[in-house]
């Protein structure tokens, strides 16, 4: 288990740092279309912010913010957004992952619809990567002895 | 014994790798095949076809979006494997 | 039209349903298996639909995201894909039905949802490998299948963790070598699409990078198939894995890797390249001959039934690869190898099912303890005997057909050593399977008073798949003789430019 | 001859790195060292792919000036495809490391050692 020692410098600094990290992660994600970045990178930074909570405070504090079940649901929802976008394209009558068909439901022309389609799947990647990275980290660092336990 | 086997396999692999490099294009050659066959279309038309200026995002999300889907599935698989191996049931 | 979407459906349905299993399973455990079965049924329908469509309209090309091939990813389905996809879905379906009871016994309850998630992800990867037409996409799918297999092996019995670790190391080497081979091809051609590579490669056959890439891909996928000198991970992994996983990875997964190897060898590279630039065919044939003999000898020394079957699998991979190695020099082409892919999947599936049923019901792993089992579990033993007979090659079983065609191919290639090899391996097989049957039925059991052998059969969900496969071992053999599948075989050989030389 | 070696120095580098990783994977008995070797092996391949994408005189693959329908010349931007492929390969590498670490933790919990020779499993 992570030791339950609180250091004033570390906890204050990380309290200060974490919101910025999360905001930066969203920036990296949102600017993936025009500058280096994207879902994977953003998700990693977001996971790092939560990992900082675990390191700076203790494990219970992190658990209070992110329960195990919530993490699992985030994992599944992220991948589901990705694959669901692909399915939506099939349902709208085109091939799998052909975002241009999304122009039927989005107020955009086919080219712009691809832009939004990419944004959607990047969102899915972001959520999955964040949740999975955090989940792997928590599992490894606690050797699986979570307080709550996934029944 | 294990070390000898390792050294032998490394010599064989190394010889193969060096032999393979023989006919490679030069580093950073603008006329290497990798820069001439498929990628020019991505560079020249990605902006018109997907409206995304970052070419990596365009290729990642759209042209080869299917790879990316499985990339996400790979990491999902890894997460589930770690969960399955390490997690224990609730104690109470 | 839904039928146009079959190539996507076959992969995406299990994928999307696998995301529901952890969430649903956390709410209600008993719903996991029905979801798996539903997904696999959709796959089965799609696979049969695909074969039907291929028979009617020829090759199916499915562009993902509607990008034309060298730029986007393409799915190509021809007779070969559809044939393998049906084998994979069928074996996975059988393994899923079979898993119901012994998962409850072998795993702690909280691992069941994750187990089925990984099961379905594994099938996703395997089906993806069968339909993809893109070399890099194949790598990603191989990794999905391998990762889930690592996890599934690791939750097995005592020693499974170390087995899984070895599997991870070997599997990573294999996948990385494959990736390296693809990287070499990409560096010299600039393309990743298999059909495109086939067009671009011929002027470059003399290029050392192309030749090296072939060897790397051969080694990489050879590790995944457990071809003889690269089989080190296989016996432990098959032995230690949970029962249902043994069935799945020994049938569906091994066959899919063999498919990937054949697909890359004949679809990306051509017969011309393999014969005249790297001349690997003889090496493959001779290595297979060694694999057949060595695998059988190992199997004889083994008393743990599952491990014996694992070594027997090495010998049978040798049979498949012998068919591949001889394919360029006979008029039969790839037919013997393709036959043995199906035949071995049926036989080994049935054998692992019965072997694990013994473990489930009686906790028996060592064949020396099988005394009196013939009376205790008569139907399971009957299935085992039928499968053994099929493996040994009793006509009209599937094993007989494979061996018959391999012998024909060897004679056709004027290579009589391989005929001898097949005969020797058959003798060895008779020895090691007869041993089991003898102990099961003929050895007198020590019946002490109060310890009489009573009939104690495996549950229906474990028994039925085994029996069905055992019956299929013979039914499919008759179908081979009747030539039901020969149009498919001829079509595959024509695609690759083999046979009829 | 010297020119030949210099013009392909990225490939020589990657050959050396990949062999280091391969040796660690094959020869070391400690599971953790094997994992480190495996990571080196995978990253060497990523390094190799990235070096293919380089082009002399080209810049980062982001098209500046958001004006629509600007004329883009393929020679001005590096090849984006290897970056995309390697993003996938990085994820695979991360996933492999995660899985392997969890297996190693389980092995250590069960046997109390990570040396391959010290672990004995019953037949």
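Should a chain be cited, it is by its letter among A, B, C and D, assigned in written order, with residues numbered from 1 in that chain.
As a working rule, a residue touches a chain if its C-beta (ideal position, glycine included) is under 8 Å from a C-beta of that chain, and two chains touch if they have at least 3 such contacts.
Predicted model, so just to flag it, every value in this text is computed and none were measured.
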Which one of the chains is farthest from chain C, going by Cα centres?
A
Across the interfaces C-D and B-C, which one involves more C-beta pairs in contact?
B-C
Distance between the centres, which are taken as Cα means, of chain D and chain C, whole angstrom
29
Based only on mean CA positions, could you tell me how far chain B sits from chain C in angstrom?
26
Could you grab the centroid distance between chain A and chain C? Build each centroid from C-alpha atoms only and quote it in angstrom.
36
Just curious, how far off is chain B from chain A if you go by their C-alpha centres, in Å?
22
Junction residues of chain A, two or more chains touched:
34-36, 72, 75-76, 79, 83, 86, 96-97, 99, 136, 139-140, 143, 149-151
Among the residues of chain B, pick out those that touch two or more other chains and give their numbers.
17, 21, 24, 32, 34-35, 38-39, 42, 48, 53-54, 56, 58, 60, 62, 64-71, 73-83, 85-89
Chain D, residues touching no fewer than two other chains:
18, 22, 52, 62, 66, 81-82, 85, 87-88, 91-92, 95-96, 98-99, 102-103, 105-106
Take each protein chain as a node, join two nodes whenever their chains touch, and name the resulting shape: line, ring, star, complete or other.
complete
If you look only at chain C, which of its residues touch chain A in the complex?
5, 8, 12, 15-16, 19-20, 22-23, 26, 62-66, 110
In the complex, go through chain A and note every residue touching chain C.
69, 72-73, 75-76, 79-80, 83-84, 86-87, 90, 94-100, 149-151
Report the residues of chain D in contact with chain C in the complex, numbered from low to high.
18, 22, 25, 31, 34, 38, 41-42, 45, 48-49, 52, 81-82, 85, 88-89, 92, 95-96, 99-100, 103-104, 106-107, 110, 116, 119, 121-123
Chain D partner contacts - residues on chain A that touch it in the complex
34-36, 40, 136, 139-140, 143
Of all residues in chain B, those that touch chain A in their complex:
48-54, 56-58, 60-62, 65-66, 68-69, 71-73, 75-76, 78-80, 82-83, 85-91
